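Read from first to last, the chains carry the letters A, B and C; within each, the first residue is number 1.
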Amino acid sequence: MLLHILWVIGITAEGVTGALAAGRMRMDLFGVSTIACMTAIGGGTLRDVILGHYPLVWVASPQYLLVIVGAALITVLLADFLMKHFRVVFLVADAIGLSAFSIIGARVAMEMGHGVIIAIVGAVLTGAFGGVLRDLMCDRVPLVFQKELYASIAVVAATLYYVLDMVGLHENINIICAVLSALFIRLAALWRGWSLPVFDYQGRD
Amino acid sequence: MLLHILWVIGITAEGVTGALAAGRMRMDLFGVSTIACMTAIGGGTLRDVILGHYPLVWVASPQYLLVIVGAALITVLLADFLMKHFRVVFLVADAIGLSAFSIIGARVAMEMGHGVIIAIVGAVLTGAFGGVLRDLMCDRVPLVFQKELYASIAVVAATLYYVLDMVGLHENINIICAVLSALFIRLAALWRGWSLPVFDYQGRD
Amino acid sequence: MLLHILWVIGITAEGVTGALAAGRMRMDLFGVSTIACMTAIGGGTLRDVILGHYPLVWVASPQYLLVIVGAALITVLLADFLMKHFRVVFLVADAIGLSAFSIIGARVAMEMGHGVIIAIVGAVLTGAFGGVLRDLMCDRVPLVFQKELYASIAVVAATLYYVLDMVGLHENINIICAVLSALFIRLAALWRGWSLPVFDYQGRD
């Protein structure tokens, strides 16, 4: 239930970042709505297709598409205002989304009987690959592969959730611990500019 | 049956546009054939994978791949001649394809028990995402997100088909009405240069 | 068993080419690991999702992801050294991978009851589409559509394997013949610079 509320915050925030990215490429309203949906639910879609986990959440409950398209259209109308006054709110909402998406992705994999590696893959796909699809559609190298601590947080969140689940505390305690840890690390990473080492290879191949 | 004939016209026309796009990027014959197939059947493939609708049409009936590759190779041989003398034919065939693909996509979703939103998603995936894959492979922002009234026509066609289906007329009448309406709007949009409003955002995010 | 060993050589070599491509785009360690995995197992993933062949190999046996990530991280540490002294080894290992992936892809399709066309599609997806995903993520037109004889070798290998299988020799003989033929053609193509005809179209569309 808690995770579901965080998930709705997450898809809304991801829809906004998708709409802004579409606006940078001067897309029309169809493009804006589509990129918003792909950013918000594309990662979970990839996860479910790869794991064979049917039906997909948004196919079974398509009303969430309307939430995302609504967020995208409000972004079109109010982008400058929102980004001027509520920028920090969106950064926090996006971090909440990343944390919730990661735990949800790990849970789906674990409920299907998979171990820690596929739980991490589920978390990374759900948390980070919506943004990868968004960047592909906008013809740029996915940000998540180059900058900031973002997908790594999905790895940490999934590992922590997996360990807590093995320890056997109450489900809600596990979720709260894992989400808060992921949220804290993400916000600290944003604030301090943490990032992973970069591999720069310009030789022959 | 009617829809099947329109579908074959559609995959042939889409195969030609895929081959031309590949030719612009100076691809080899393998690239041309592959882009042609992805343009023609990539949208339906995405729809079936997302909805869990197996087996895919072209996997069950692979002879259609030969039709598409044949259209692509003829395009390689005769591109200048065809585009000089038959350009309008291809625009109409492409519009027929868009209309037929959209109704087919909506039907597949409805036959699986989904409502109007997923019927629209099925139509948009089938009608427009072959072109999205083509443009991704050619390293450009998908045209369908930026210009012309194209994917929107899939939305209109699916909605109309869904409403007609609820009204309960004969299936063939529904198909003919929805296909003709979509075809008419598409050709009018091409002729009059209709397009959706564009979202142009260059602020910070 | 033989095919499995060749497959492991293949995913290792593909992981290295993925890591090098990521290094050219100055990706971080997460990006390098992800591109390496997508290059090594992305083609087989596409094949299994399109054919509905669940569970995916690497989902059932996730330890192979560790092999690929290990190969990627060693590449990060030793790229210049490896490419200076072992470049030919990697070209051969990549050719082994292409050959083994192609036969495996054809076999999966044939075991599911498909004919020669889908066997060829399975071979091309498995052999060449890991590299397509790698190039998409690095924001460039996939090399396999433009240069060298690469995917065509998957077509030849799958056709040969299909014919040998119909003739009814021992399975291992079929595999060895098809893999060696594919390997020989690939290395000859590299050595002699063979390529397919290119379609160059710059007219209107």
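Convention: contacts are C-beta pairs under 8 Å (C-beta built on N, C-alpha and C of every residue); 3 or more make two chains touch, one makes a residue touch a chain.
In UniProt terms, the chains line up like this: A, B, C = Trimeric intracellular cation channel family protein.
Because the structure is a prediction, the values reported are computed rather than measured.
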{"item": "Fraction-based call for chain B against chain A, same above half, different below", "value": "different"}
{"item": "Turn needed to bring chain A onto chain C - CA fit, degrees, nearest 5", "value": "120"}
{"item": "Between chain B and chain A, distance of the C-alpha-averaged centres to the nearest whole Å", "value": "30"}
{"item": "Two or more partner chains touched - positions in chain B", "value": "49, 136, 139"}
{"item": "Chain C residues touching chain A - in the complex, by the definition given at the top", "value": "17, 19-32, 34-35, 45, 49, 54-56, 59, 62-63, 65-66, 76, 79-80, 83, 87, 136-139"}
{"item": "Footprint of chain B on chain C - complex, ascending", "value": "49-52, 114-115, 117-118, 121, 124, 132, 136, 139-142, 144-147, 151-152, 155, 195-205"}
